[in-house]
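Order of writing sets the chain letters: A, B, C, D, E and F. Residues in each chain are counted from 1.
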Amino acid sequence: MRPSRRAPDQMRPVSLERGVARYAEGSCLVKFGETHVLVAATLEDKMPMWLKGQGRGWITAEYGMLPRATHERTRREASTGRPSGRTQEIQRLVGRALRAVVDLPLMGERQITIDCDVLQADGGTRTAAITGAWVALHDCFNWMKARSMISRIPLKDHVAAVSCGIHDGVPVLDLDYLEDSNAHTDANFVLTGAGGIVEIQGTAEKEPFSEAELLALMALARTGIGELVALQKQAVA
Amino acid sequence: MRPSRRAPDQMRPVSLERGVARYAEGSCLVKFGETHVLVAATLEDKMPMWLKGQGRGWITAEYGMLPRATHERTRREASTGRPSGRTQEIQRLVGRALRAVVDLPLMGERQITIDCDVLQADGGTRTAAITGAWVALHDCFNWMKARSMISRIPLKDHVAAVSCGIHDGVPVLDLDYLEDSNAHTDANFVLTGAGGIVEIQGTAEKEPFSEAELLALMALARTGIGELVALQKQAVA
Amino acid sequence: MRPSRRAPDQMRPVSLERGVARYAEGSCLVKFGETHVLVAATLEDKMPMWLKGQGRGWITAEYGMLPRATHERTRREASTGRPSGRTQEIQRLVGRALRAVVDLPLMGERQITIDCDVLQADGGTRTAAITGAWVALHDCFNWMKARSMISRIPLKDHVAAVSCGIHDGVPVLDLDYLEDSNAHTDANFVLTGAGGIVEIQGTAEKEPFSEAELLALMALARTGIGELVALQKQAVA
Amino acid sequence: MRPSRRAPDQMRPVSLERGVARYAEGSCLVKFGETHVLVAATLEDKMPMWLKGQGRGWITAEYGMLPRATHERTRREASTGRPSGRTQEIQRLVGRALRAVVDLPLMGERQITIDCDVLQADGGTRTAAITGAWVALHDCFNWMKARSMISRIPLKDHVAAVSCGIHDGVPVLDLDYLEDSNAHTDANFVLTGAGGIVEIQGTAEKEPFSEAELLALMALARTGIGELVALQKQAVA
Amino acid sequence: MRPSRRAPDQMRPVSLERGVARYAEGSCLVKFGETHVLVAATLEDKMPMWLKGQGRGWITAEYGMLPRATHERTRREASTGRPSGRTQEIQRLVGRALRAVVDLPLMGERQITIDCDVLQADGGTRTAAITGAWVALHDCFNWMKARSMISRIPLKDHVAAVSCGIHDGVPVLDLDYLEDSNAHTDANFVLTGAGGIVEIQGTAEKEPFSEAELLALMALARTGIGELVALQKQAVA
Amino acid sequence: MRPSRRAPDQMRPVSLERGVARYAEGSCLVKFGETHVLVAATLEDKMPMWLKGQGRGWITAEYGMLPRATHERTRREASTGRPSGRTQEIQRLVGRALRAVVDLPLMGERQITIDCDVLQADGGTRTAAITGAWVALHDCFNWMKARSMISRIPLKDHVAAVSCGIHDGVPVLDLDYLEDSNAHTDANFVLTGAGGIVEIQGTAEKEPFSEAELLALMALARTGIGELVALQKQAVA
């Protein structure tokens, strides 16, 4: 039995609430159970220097966590003076995941910054962030379309993410913090609506895992991401 | 007429929601109109070095703002590498305001850190933070009392804060962002439930102001803080 | 009796010595008793980015303290890697105070940086800094006028500052370090020559204070600032 | 045809030279074609604070690149003031990979730091680093055994790594820089000698990839890592 | 003719004023013409970690410059976030120079920090700093002796410094800023009262210089340092 | 007898290997015995801001050390967040030494950055770096000449460097780490092929040294540098 008493292939209750940030061009409060992430999309005309004049846009992401989003208070990164390695790893992951489903030339030479701020953390903050970011990005594109900045939404597909792991020998879907701490293997999957793989990151925490186990985790991920994409569709309908 | 169409002595709608941060020992989501601040209190045994062995506790505060809490996106302080001068000024103010109403020896040698994170900003974030922080702190003390760490709540009084300013020649209460940008004088008042002054900060933005104007602003502040203290009482009742 | 054996409304001996920094466009060594601050004004053509093209000038201030200006040696801020919150708070205060009496459009698109470096500290360094900065700024404007960069001195009034506090129940003027450490209330006043309030910052160190006490402190401040403005007039005569 | 004119399943020439760092407890200069990484293992008694008293050792890794290891000179990280996100990501990966095959309790409460410094970069620096690090670590354990600090080498298995990608629709093994820049999918595999998966990181650079493609890449990786493990065996024989 | 109209072997007017920093255990305001450096010695019980338990003391130095000590304003190092290479080079030089004449074991396990703050700079700030630091250090030792912390002054000799250079083909003593900017060779000499060499740093700015020229500069330096040591003797008499 | 069993005027075995960095415009692996420094020259069109439009080029140098180049592991400067004072001192020295023999106007408005990375350290890393840097710089100029960017090699002379010291009362040439740690005096000499002095830095580690000792050290340096220049000639022949 999982600590969360969920079935192995059962997601936590997920919700995607749009329009939660009054000033952002797009936003979404995403909840995977007790993990709550506020995602805000900001449209800007300025581009990173190395991308100027190439006739395409850019999506970048930043990630933060409120100090008391966690069981123990985490030190504020503004005080430590630099984003941690973990923070930077997540920021790069979220940016890559979104860019994989965006038609960048169609955006024009504009940059959208996706801020993912974790209000409460119970495992899976990066997968929740990606899932909610797609909704915020979609709404940001809607905002642009309403102002005739683009003729159509430059999204090629949905993208969503979930973590899976092997808990007590059993592959399980959507790890919460307690499960994640005890899992022998932890893998994050980022898939498109069509089922294409955008990113896969599997790590053996203690013992190496087998290809069969990896495939079992991926099968679970497909189930979960199917549900997440359905919820994204509802959210933006 | 104020841009907000409020009467000169009219506060924005204020709410104080307790228990919003699952892991914190005390928390409060405070709203002054469209200004929303999430306050979380964290109890720790560790003390600042310079306070050890003095037989009293300490309250400190940290302040942050989500990048898209504002009309224009603000750069994340974890990226700039240091809290801004404004951030530090607010952190020191919130800490001082709370310590003024706490019986520090009664707390024992413990430190409570008050995290004030602005989810949405429309002026008056520091005054909202102080007002909500009192509730979070109260609940943190409750948590300690329930565990027999203290015999009674070491709060000597309420403390709350509001900003006032002179807009188009008229003293007005509780400035929102637009009013604050146009005010000729801007003053923050931190008062106790009994009406004692804990902190007063008045600044002439363009033209110096007179003692009479200062007293008019203080009278408005007394009205507003009276309402805030009444709401704090309801919240912790 | 005050520790300094001064009467409650008695300032420390104050002196304002002009022209002390050989290379600066204006400078002043200001002494409030044993508090000595060297103020230097630097004229520069470069403007902060956000002010360009607005047809007005800017005054900014920086503040530092020699490591052994204090009883105990203070760590050099160049070593700690960042100006402290206190330093930034003072820098912002000095800049605001001066800008309140300057006709910024008359200056043209130029920036003056006011460096306030504390050679010796015995309380009241920020108030001494503001008082001396007015003299340094005046001389910097004189320098500009002599070179026909401006047609007249763009100062609308004098500005000076003093701290007051309640010591052993008695309101007293111009706190030195020992008095400041023991005061129950500490307030800084920045007033113009005409008596207008530019800034007021009052803080209850332990017990809240009353409106009557605030007014008593302000009355003392008016006395002290009257004397300081008279000294400024002598200095630049 | 690959730009490197290698067969799809052909590694670059690989060499593992031991004992290249005169002062290190273990070292290896690893070459994957024109990618050259100098790995040095340092044994220290000090442990990270959070691991003390747990009766087991720790392996950590650091990664750097000489500024002119690359086609264009890269800015020195000592000058930028912080390791980049990419650097930190690699450091964490190398540390995790090695810990997966080390019997940490058998090491005793000691820390080994693995420094991976890229002398020349032509793609695959992280996979070369992991492969060479196993040899340096092995020699460091030998050094400890020779001094009776441990009774046997606390390595449970080999670990090695290789990157694979899809180039012009064809899955290819061991990408060099040019191939990596043009690949549509890029995946790093870290496997043990027994074929267990320690880490898998697959990223779609432009188009999502399929499960079949992932499995094809993994099959290639197994081939390559088989060769690398054989070379490790020769190296430490 | 030198720009300063001094004879080639003529120092600028030099003065050494003791006791200028009210709170320091020893201090000296040293002037080499228009170069003014305030030196303060601070005695502390804490030692650098790597020196503890070795039964000897330590002398360290820090160096700073007021932003407007120079013709053009220099950016404050607290703002740039780190001491410049030049600052660190001077700090190390001043510390080494003083330690060369101190009987460190006789000091006991204590550290003296020498703060050298340049109030006004016209060339030769490091040589003035060393010369004045000897006086401040002497007075700090006097302070310790008066409190029976040491039985006698642990100074083995005087130490002083001067810069020389080749200006328009002529070796000249004690370069001011203008001469320094135009000199083809610039050398700093740190000598003891007995004429021993503690440090010599000679740099060809444009053309290499000859051994004969070096010896001519050293002869000038001996003259100048003889005068400086005589002034140190007067100062502490 | 020296610890290294070398004669007092005997250099360590020296080698200069060109073309070791595949991508650099010029490079040299220089070995002074067990001290190994990899020098790479990078040509760039960008110039430092303050040099633009002056019709001459610039040579700058950076210096680093692999963490385990030393007996004890040294902390990576990318982690400490800033280059140490020692690093900056060496960087400035190497840059000055090279610029002394380069015809900067002949280079055109281009900058060459010389990266000196210590792979293994056994004393004299800065002198080895300068000696090898001349070769790397020469090859970089060759690279430019081959592309008709310059008409002839803009080197006015050779430049090389060596350290000397007084060990057990005897002046000795080319100190290794052990000798350097025990020397009473340590001096670095940078000379041109024609014997001109570019830089001399002599430091008394414990006791001051005499002019006679300085001249003895310089005589040794001339011998050593004569050999180094001969090797440079062979290397680029």
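Convention: a contact is a pair of C-beta atoms (placed from the backbone, for glycine too) under 8 Å apart; a residue touches a chain by one contact, two chains touch by 3 or more.
Nothing here was measured: the structure is a model prediction, and the numbers come from that model.
The interface formed by A-B recurs in D-F: of the pairs listed in B-C, E-F or D-F, only this one shares over half of its residue-numbered contact pairs with it. Using the average of C-alpha coordinates as each chain's centre, C ends up farthest from chain D. In summary, the pair chain A and chain D forms a contact in which both copies contribute largely the same residue numbers, shared numbers making up over half of all those used. Between the CA-based centres of chain A and chain D the separation comes to 28 Å, rounded to the whole angstrom. The distance from the centre of chain C to the centre of chain F, with each centre set as the mean of the Cα atoms, comes to 51 Å. Computed from the mean C-alpha positions, the centre of chain C lies at a distance of 33 Å from the centre of chain E.
In this assembly, the C-alpha centroid of chain B lies 59 Å from the C-alpha centroid of chain F. Residues of chain B in contact with two or more other chains: 82-83. Round the ring, the chains follow in the order B, C, E, F, D, A when counting starts at chain B and proceeds to chain C. On the side of chain D, the complex with chain F involves touching residues 21-24, 27, 34, 38, 40, 42, 44, 62, 64, 66-71, 73, 76-83, 87, 113, 115, 117, 119-120. Residues 82-85, 88-89, 91-92, 96, 100, 157, 187, 191-192, 194, 196-204, 206-211, 214-215, 218 of chain B are the ones that touch chain C when the two sit in their complex.
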